[in-house]
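One chain, subunit A, appears in both complexes that follow, with subunit B as partner in the first and subunit C in the second.
After this line comes the complex of A and B, so read on.
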């Protein structure tokens, strides 16, 4: 790619804590792909789950503030790796199309929320603005023969009228990216199923059942690892894999990667930049299967 | 002029919210009204008799009935006044039910409005002139569009009734969807065994001309005298010569041609006869698959054909037919299940449609009647049927019930057990809708005798897990979610209007609903008529229906055609436009507005003038509104008549302001 594309970047709070490896690998990969990220100055929490369950106006105001920061920095698009942040930013934008709702939101803000700032996921930008073809050309460590189960989670593409990206029932963007890296993408029918989300805190058995099913299918389809795009999904599947195993009497040792980590490794980025050490299930056996950078290509 | 006014109670329909007595009293004060009364049911026999008597007793010249919509009873009352000795156009109707009593509850306001509508009708009647219909000859031939079971039935009944029938079918064989079915519910008799003889009858009937691989290009004319242009598509085979021996099919090297008749579950050859019982049993070439037509070499079929019928240079051809009536029986299409990506149809090989399953069950189908999993050719043990795929679902714009899927699913579970005795069928359903004769018993039999497990609830998702499929859904009777392992999933796809239905409707000048199904003239009382005289409906083009209903409607349409043709002449409606030749300046504006092409230019003593072709004019009145001279007038709705109505409602203030 010739010139760098610039986007406003909203890391979200999980990127600062529970999914630092996602945030770090996202930055590394974007740089390698010529995507310039400008972090929003003094961004605040998107409100996450609590705000929108209590008050839609308050939740939209939190997003509105972040969007107006983007506007004042002269950015026309804000991208975020986290589907949950993405949902809040996009839903707020969608709801504010209603003038009555917008005026309530504006009352809570110092200055009116902007109308013209687009919101996308990092996945969408990598898929649409860079594209699998350009990615394929940059691969130096192909993931040849690695059987991967792509798992998008329930939020990334739904509801379709808000998210406006990929198919809500059978998304394929991440599949295409992984295929461009040389991986074997197994047919994975539960791409958009719920992992149990934040039920893990209140009612653990919901997560062990739902995430257990996700692991069962990945295993049945002979995947060596699952690939996610959501910090919460990743945490449920990875960090709680032991709990899932003991609840379901299984014995999985299935590494759960972020797609950005695998993208990074295929592009030849140093492993330490990609945060593999943060994963709970040991990824080493899978990583070992990936060949070393070929000198001819680098 | 002496006018009589009759204000109908319509039981409590009108009298409940209109003071009919008061309306009659107000009418008595109107100029020209010699008699006014209210009456319980004007349309009943005593009601009509009352009108006849009043005409005679008071020497009335015209009658106003204030009652329901003219759509309901205008014709009835016209006949009544005719019986009383009046011209049938000396009658006016005021709609005080749909336009008054049904839409407001305020008695005073309603009574007022009703009285005003009556005043308008009286004012118009004063301007009415006697009109006389003309008679014209009818061409007693009929065209049936569509060779499915409904069209076949209509064509045979008309032909048996002595009519010349032209049957137009767009594919290369008649038989329609029914020909693809293995067995039919609720009798489980072989579909082609009951349809086959009828198809042969079509081929052999001396009164029937069959155009297969043909479509209607253009329709002009009017009831009794339609002109239809038919486009005969090229089949690349001279059907006059072809004997249907099938030698060409054996030799054709292009063996991977998509087979539409077999719902694409098995390939066929580029030149082919769709199925053994096809009528006409003639070969045709699929141009996209033919090696000769795409690459310019091969010609194997031409070499083996014993009668030298192959014509690689055949062109399509337009033929013209003249008929007096048209029966549309153009059928339906199946819902495109890929609109439910969560079911995986088109992506997961072992998810198939109900019609594909039929072809698999059929002994003459591509698997020779063996049920096989498309992925590996093995026999499935667990078969899951998902109902209402594209029925009763607003989210895919199909809120209606397709009507027959519950039944064919039950049939398919029975056949599954017959084919594979150790199999288990599961049916995800929303409701069982089986109201036909012996239908409910049939679905019960599927459950009780054949052990099909019925689960009430929609399926959320079908996905592959290793070698099997997982069907996840809700069981709304136990209130749980449920997962069933399946070897094969059959989607019970619903019905939607045939592709191109709307375009054909435009050509036939008939109406269709939001979903493209053709509209009958009255949903209860005129189920096979359309609002265009001489065009009738049969089968699924009017809405999804099963075989018995389609056949019934086919016969009904034929009966309507035969009844119409039992007269030698039809009466034309005199409510059409007429040109005042002295006023006409020949500008031609009317000609360019008329949607029916009913106005032609004539030369009148060296001057250009307009003339209305009486049989073509539909009486829409567009030309009268267009004519700058007021030279063209719609009879029974002339400017003077309409102005009289308006003036009665808002009397001119002009004179007063001069006072």
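After this line comes the complex of A and C, so read on.
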């Protein structure tokens, strides 16, 4: 970890709004770990799920514009915290290997999309390029005794042919990072089960059922909090937890953290920079259980 | 039990269209049911995903394109990840949605309106404007009470901007949509 690694950075639209604490904590943690982020200049929306449900070429073109920006900035790898952005950028790259598909995409763009820009999640880069061992050495505020349920969401690792990272049924990268921070990771069998995705608005019962199931299991495994890597999963579980409780007659008060927030706190970063105040379910009781930085305690 | 007379209603063009657009060989599906077993959305579906695969094989265009399931599917990739014959089932569900739009089927209007409102927002601003998207969705569907219970939770957090995050290159993005729409005509 001597010199900083530089990556093109694609924050994604939700990072400007509903997941601003993910965005903020991602930047803080990357800086602390020697990962230099160069934001793509004037990036645009990848189209998220709506674009690919309407047309695959349109979806790839929306990603293509952003990949072109990366290329023109001389960046060979783009990383993003959001699994939905990740899947769109990666799927576009994957499908454009087919020349016929690529030519259709290029017809929608001002200039042809580049071929050689790699796309990875921020999680992948933290796990592979920094690694749990190096992280463990940097921990000043261990999460000792915190029982956490790691929840990856459906898109981060699937389908494996496209995503090329971790296990598609039982990913462990986030588990390993959380363990390196000192936390107890509970067995969580619904790691990659869908939370109901963007149906929160159009078909709310779908989200209250599926996200409700996720909370049920976290409680059954005695987790004090869930840890996510996806803005949409986090929003469904955190902001909609009240709706889930009313629909399912439960009374959960389960904080839903982004893994970057907990990584940040363990590395001793100021809590202010990590956006805990943006969470809907009050995280204070759980945060109180985390000890003060070891240098301050001694 | 519903009986479908395949000799009368088999539409070979439909099968060919689905196969060409999805780049999948639907005949490879041998109805193991793995996709349905793993699909988190079966409880909300009118037709389970493995039966949709069978109906596509049987060329049942009307039945497939008019079902609710193709709109509820959230492309979570369980089916694709678990198919023993490497069929990209999620891509096929996407293609069925594309076709349902093309042939004017709209079994779950709220989902379609949400998708359209989202893309309109991207077309206009270059990035999605969450507050504007919600306003457009509520206006178009008349569902004014959608998520109003969340407002007191989300507004004090300062997470939702009342103004769109407009980008410099929004004309470039608008042009992508423009060219796409021209091609559809």
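As a working rule, the second predicted complex is superposed on the first by the 295 of 298 C-alpha atoms of A that agree within 3 Å, B and C clash if a C-alpha of one lies under 4 Å from a C-alpha of the other, contacts with A are read in each partner's own complex, and residues count from 1 in each chain.
As a working rule, a residue touches a chain if its C-beta (ideal position, glycine included) is under 8 Å from a C-beta of that chain, and two chains touch if they have at least 3 such contacts.
Not measured: the values here are computed from a predicted model.
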- Message: Can you tell me whether subunit B or subunit C touches more residues on subunit A?
- Response: C
- Determine, under the contact definition given at the top, whether A:169 touches first (subunit B), second (subunit C), both, or neither. both
- Query: Thinking of the overlay built on chain A, is A:285 touched by subunit B (first), by subunit C (second), by both, or by neither?
  - Reply: neither
- Tell me which partner A:220 touches in the superposition: subunit B (first), subunit C (second), both or neither. first
- Check whether A:189 is in contact with subunit B, with subunit C, with both or with neither, and answer first, second, both or neither. first
- Message: Looking at A:145 after the superposition, I want to know if it touches subunit B, subunit C, both of them or none. Which is it: first, second, both, neither?
- Response: neither
- Regarding the shared-chain residue A:115, is it in contact with subunit B (first), subunit C (second), both, or neither? neither
- Touching both subunit B and subunit C, residues of subunit A: 168-169, 193
- Query: Tell me, which parts of subunit C touch subunit A in their complex?
  - Reply: 40-41, 43-44, 72, 74-78, 80-81, 88, 90-91, 94, 97-98, 101, 108, 110-111, 113-116, 118-119, 122, 126-128, 130, 134, 137, 146-147, 149-150, 153-154, 157-161, 165, 167-170, 172-173, 175-177, 179-180, 183
- Which residues of subunit B touch subunit A in the complex? 340-342, 344, 347-348, 461-466, 470
- Item | subunit B-facing residues of subunit A, complex | 167-170, 187-190, 193, 216-217, 220-221
- subunit A contacts subunit C in the complex at 13-14, 16-18, 20, 42-45, 47-58, 61-62, 65, 107-110, 154-155, 158-160, 168-169, 192-194, 196-203, 205-206, 209-210, 239-240, 242-243, 277-278, 280
